[in-house]
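One chain, chain A, appears in both complexes that follow, with chain B as partner in the first and chain C in the second.
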Partner chain A sequence: MKLSFCAIKKTAFAVVLSTASLGSSANSETLDIGVLLPSPIADVGWSHALVEGFNGVKEKYGDDVKLNIVENIQEGPDADRIMNKMVGDGNKFLLLGSFGYMNSGLKLAKRNPDMSFIHASGYKVGDNFSPFTAKYYEGLYLMGMAAADLTKTKKLGVVGAYAIPELISSINGFALGARAVDPEITIDVIWLNSWFDPAKAQASAKALIANGADVLFSNAQDTPSVVAVGEEAGVYVFNLNSSMSEYAPTKYLGVVKTDWGPFFSASVDAHLNGNFEGRNEWLGVDAGVVVTEEWSSDISSEMVERIKTVEAEISSGARHVYDGPIHNQDGEQMVAVGERLDDGGILGINWHVQGVNTPLPK
Partner chain B sequence: MTPLEFFLAGTMSAATVFLLAALGELVAEKSGMLNLGVEGMMAISAAVGFVVTYQSGSHIIGFIVAGAAGIGVSMVFALVSITFLANQVATGLAVGILGLGLSALIGKKHESLTVTAPDPIQIPVLSDIPLIGPVLFQQNIVVYLAIVIAILISFCLNKTRLGLAIRACGENPKAAEALSYSVLKIRYGAVAFGGLMAGFAGAYASTIYTPLWADGMIAGRGWIAVALVVFGTWKTGRIFLGAYLFGMVSLGELVVQSFGVALPSQLLSAMPFIVTIVVLAIISSDRARLRLHAPYALGETYDGSEPK
Partner chain C sequence: MQLQFERRDTPSKPLIFATPFIAIAITILLSSIMLIIQGKSLQTTFFAFFIEPFESTYALSEVLLKFGPLLFIAQALAIGFRAKVWNIGGEGQMIMGAILASSIPVYFTDSESVFLLPAMILLGAFGGMFWAGIAAFLKTRYNANEILVTLMLSSIALQILYFFLLGPWKDPMGFNFPQTVMFQDAALFPPIIFGFRLNYSLIIPIFFTIFVWIYMEKRFGGFQLTVGGLAPRAATYAGYSANGAVWKSLLIAGMAAGIAGMSEVAGPIGQLQRSVTSGYGYSAIIVAYLGALHPLGIVFAALFLSVIHIGGDYALVTADLPISSVHIFQGLLLVTYLSSYTFVNYRFKPRKTRVEEIESRLI
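Coming up: the complex of A and B.
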């Protein structure tokens, strides 16, 4: 199938460009990259960070790669239809930007062995299908330390989208970092049960502030909804993926940024060299994917030093966020002293650490 | 602000979005026009209102233009369903979907930008009373205007000649025509008013309640407004209560979560809808009451030239 298709294509080429050499045509063909995104590309947020991730690829290959982006596509039948169309349109490399694109994406990958797929936030792997996730919790641990330095009420608030392992492990990382500095700190969480409802996110942020939180964590919110409330109400606030400091000029605590550049470039290179292999890509501080920056100038210089030290330890592997002892909300020991929660345990985490007030929705 | 103050004050501002849109839909339905495009009208107006407010810096201009945009979209619905006699349900749905798509296009360049919400009013002495002050006397002006509009609409529909004419068109357009009312004009007017109110609701959502633009931010609130009209059995007072109840339940969910109460948050998120369904079921169980209040000719196209 693949062979005959190539043959037809090459025949077509030969007819049109009768003088062109067949050998070089394979290399000079443009690589079409299909990008499917769950939210609109704005100046900030998740989709923005994913598109930015291709900057390195574009610089390196110039006109030889072409990005075909379809944004704001809800998970479900619509996404399936567009994915199939992308394949039909001749895209050979697909980025699927949302967890819920997983099953249909994997089916497509099996049907199109000559293509390569990278899929955000999933866990299923295929021969040509790599799920990728950021170890947000590593950056969140550092954010927790900074929050602990600034909180006066000793209450931190989190606005989260859905209670899935990726978000739970982030909140746990945040709690572990904050409580490593000050064990009296507690964390309130509000789950929106929606990836996208800015009005509800803002109301949630206000509810957390009313309940005493003075540092807010905007967890997986693509709009500056929570960040804007933080500035307005005068509480520190931070978010993930890309900087929103312009929405909170005086109260921005910092950002846990994801720089997908290194990973995307490596994946496209591998595809073009014909050695793309599907595997679980779980990338953190050491891979340069999770980057914490734009720290608030209000954080004490001692704490900045401490954060830098811990960041270096996480990067070198000397320290791990999920090093024991770790207790769950009920005080039961989940990770013993000297032990470390394994990758499977973190990727599938369904419990909150001690200090998180809100029970996890079951 | 204490959690209780936040809860009560937040209820009022959350309810205003529903109230504005539902009042407009009430007037349209009273005239016999079932406009299901409220979600789309709100989305377009939210986008237009945001863009204009962002560019001009004036919330008032933003509101005016958003209201005009709401009327504009509603006129598409009116033209197709009143003049061309198309099915109201199908037309309303189509216009709603069109509105959602257009709103994304209009707001494209302003995606995820923010504006500053105008300061809430401050009344000397009253605003400083504990609990009551922050809840009742520190709201945005639109919150109070919505309540005033509700009272005016109730008065107009029940006590004035215009209200009688609107209701006549919704109950029995042929009889209204016989009384020399122009059903066409009145229905056009009622639909336009619905568009205007949906426009205000959209502008309130994108420039005051959640002062930012993001595609999809109306997030089903227009549909809730449509449901509220049935929920309130086409009576202004009940629609008002419904909007406030809905605002309260949707906000209560967040407050309950922040207190760490051990209830599944998925259930809490579904609460506003569950409450709506339950109340609707209770109201609908009394068939006589429904029949008494539902406009008899609701959703029926009316062609004056043909005897019915």
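Coming up: the complex of A and C.
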């Protein structure tokens, strides 16, 4: 018995030692792009859309770029180490796919001036560190119009991840669009405090339906849970980032898609040309990043026409979602007639527009 | 021939040292099958797990960064486990320590006082002790099961954390995200090597380990605790207080977990946020048992667990392994280790036939 233990011991050493001579070596010819994601890539959703955004880059550069993806990494102290490792392994361009990676990412960017960083949903900027966000609210305004066309109860429901400005401004856009069509419409919101919690998302969606909502908005949930509940209960439902129509074949209202392709390609080009500059990238309908599509065939043709017109106006700049007059939940006027909420006001927004019933978590 | 499981008279010394290697060998064997099915490179994976954590100063500093809190909490928990006081709420005690300690940089944002850090350590210790103290009170007064109480208190602590982050302590410039301001330098442990996250909080667990070793092995108080766990009746006859053991075990563990939680927010994280514990409260239970509840064993166990954790993070990047495979690998290692360790105290023996048994009795 003792002998065989020794034998096992020796094999264990041998395996460990034989691997010791082999390290990973980075090829200096190709550009290694590191991608750090907060949720599994899956077939749909946020992380999926981010990875899809590199398709154009891969097509253009072929084998000269290599994508190194690490998915499902919680925002926290361990993410910092994984980022460091990605840099150490020779990735020169890093996509950080979640708000919570901001502070660690910025520190890393300062230490590696030869690298370029793009960071989703943040607000801090560095010389080689660009936060990027989509103007979801532009697409949401159009969705609000479509929802107003279809709702019978005049109640809309939202399942939201975190009450951060990006999501608050989306809900406001949704409310403004819907109430531009029918001012009697109200909106209820349930916050999950998670990007990824299918069980809670489903329970919340059911609660909203029980409360009378007949159009649901899955706000930044990375699973089709809310969409599936909508189909099951027979209420219209839509989501962000990538199409989930296969989970709601009859009740899918449409999708506010994010096509990161144009922005990612431009950023990688800039990095390779040596002129990448960190700045706040805030991209909407006119940049081709926010795309509303897959409209439900139940929407009346007049409304489809109206939506097309408004979309063209937003794209050309003739119309802005946050044009006054806009009142907050308490009826106070926040934006006067003829005025427009400035970018800073939208990026840091912490109030809901009139028509949203639920107060913000305080 | 049938086999029977029999307790050894004395633990097998050679096996104590062989066990880790046996466990590693079996894990490598089993996970190789998994990796081959996945089509991943065996060499790159094992290299990432066992060599990369030692490859650079940075990697080593990260191993030690994880080592600190694991060692600290595991040493403290082991004291209770030896006295048969099952505190599995280290997680909640960590959170309460982190919350209380964070109150100082949150309310004194501009202070650069040298007393900031010591005050935070004290508050962190108090937070953890208070939370563990609730369990001790309910146990000694109402005989409430401390396993349930400490575990449930962890869930409550998490909700208290969310309350502060979503409400009163939210960073006013943080775009409504559930987190506090970044702490000023005076409220952070200084780094041991500039630019790395490893910091001087590591000193506390090391001194604590020395203290525990002396206390448990050399002092009467430690002896009382151990006897209370091994032979409760004997302890009662000898006049050792059972309630005292509960209070001592829980308060020491609460203090350690609280300071560990404080060291996370005043160390690698630098602010109070949703995830502050990295699961140390639970991992420390594994460390305590991997180390056979012995102060020195726990040092090695904490080091070992830190290494495979850092190795796991590296395997994600270099070996392109999905995070679930990393968890399977780490789980396999622990299961094989704990099951192999059984053979230190037990052995297989051929079962005697009925005739042989009677014969042996006659003799």
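As a convention for this text, the second predicted complex is superposed on the first by the 334 of 362 C-alpha atoms of A that agree within 3 Å, B and C clash if a C-alpha of one lies under 4 Å from a C-alpha of the other, contacts with A are read in each partner's own complex, and residues count from 1 in each chain.
Everything that follows uses one rule, which is that contacts are C-beta pairs under 8 Å (C-beta built on N, C-alpha and C of every residue); 3 or more make two chains touch, one makes a residue touch a chain.
No experiment lies behind these values; they were computed from the predicted model shown.
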item: Which of chain B and chain C A:N72 touches, first, second, both or neither; value: both
item: Partner chain in contact with A:T358 - chain B first, chain C second, else both or neither; value: first
item: Which superposed partner A:N211 touches (first chain B, second chain C, both, neither); value: first
item: Which of chain B and chain C A:N273 touches, first, second, both or neither; value: neither
item: First, second, both or neither for A:A163, with chain B first and chain C second; value: both
item: First, second, both or neither for A:N193, with chain B first and chain C second; value: both
item: Contacts of A:N350 with chain B and chain C, given as first, second, both or neither; value: second
item: Contacts of A:N84 with chain B and chain C, given as first, second, both or neither; value: second
item: Overlapping contact positions on chain A, where the chain C interface meets the chain B interface; value: 72, 163, 193, 361-362
item: List of chain C residues in touch with chain A within their complex; value: 14-15, 18, 21-22, 24-26, 28, 42-44, 46-47, 50-51, 55-56, 58, 62, 162, 166-167, 175-178, 182, 195, 197, 264, 268-271, 273-275, 278, 310, 313-314, 316-318, 320, 322-323
item: Chain B residues touching chain A - in the complex, by the definition given at the top; value: 1-3, 5-7, 10, 14, 17, 104, 108, 111-114, 117, 205, 209-212, 214-217, 219, 221, 250-251, 254-255, 257-262, 264-266, 269
item: Of all residues in chain A, those that touch chain C in their complex; value: 2, 5, 8-9, 11-13, 15-16, 18-20, 22-24, 68, 70-78, 80-82, 84-86, 88-89, 99-100, 103, 111, 123, 162-165, 168, 193, 347-348, 350, 360-362
item: Chain B-touching residues of chain A, taken from the complex the two chains share; value: 40-45, 72, 157, 163, 188-194, 196-200, 202-204, 206-211, 222-225, 228, 232, 247, 357-359, 361-362
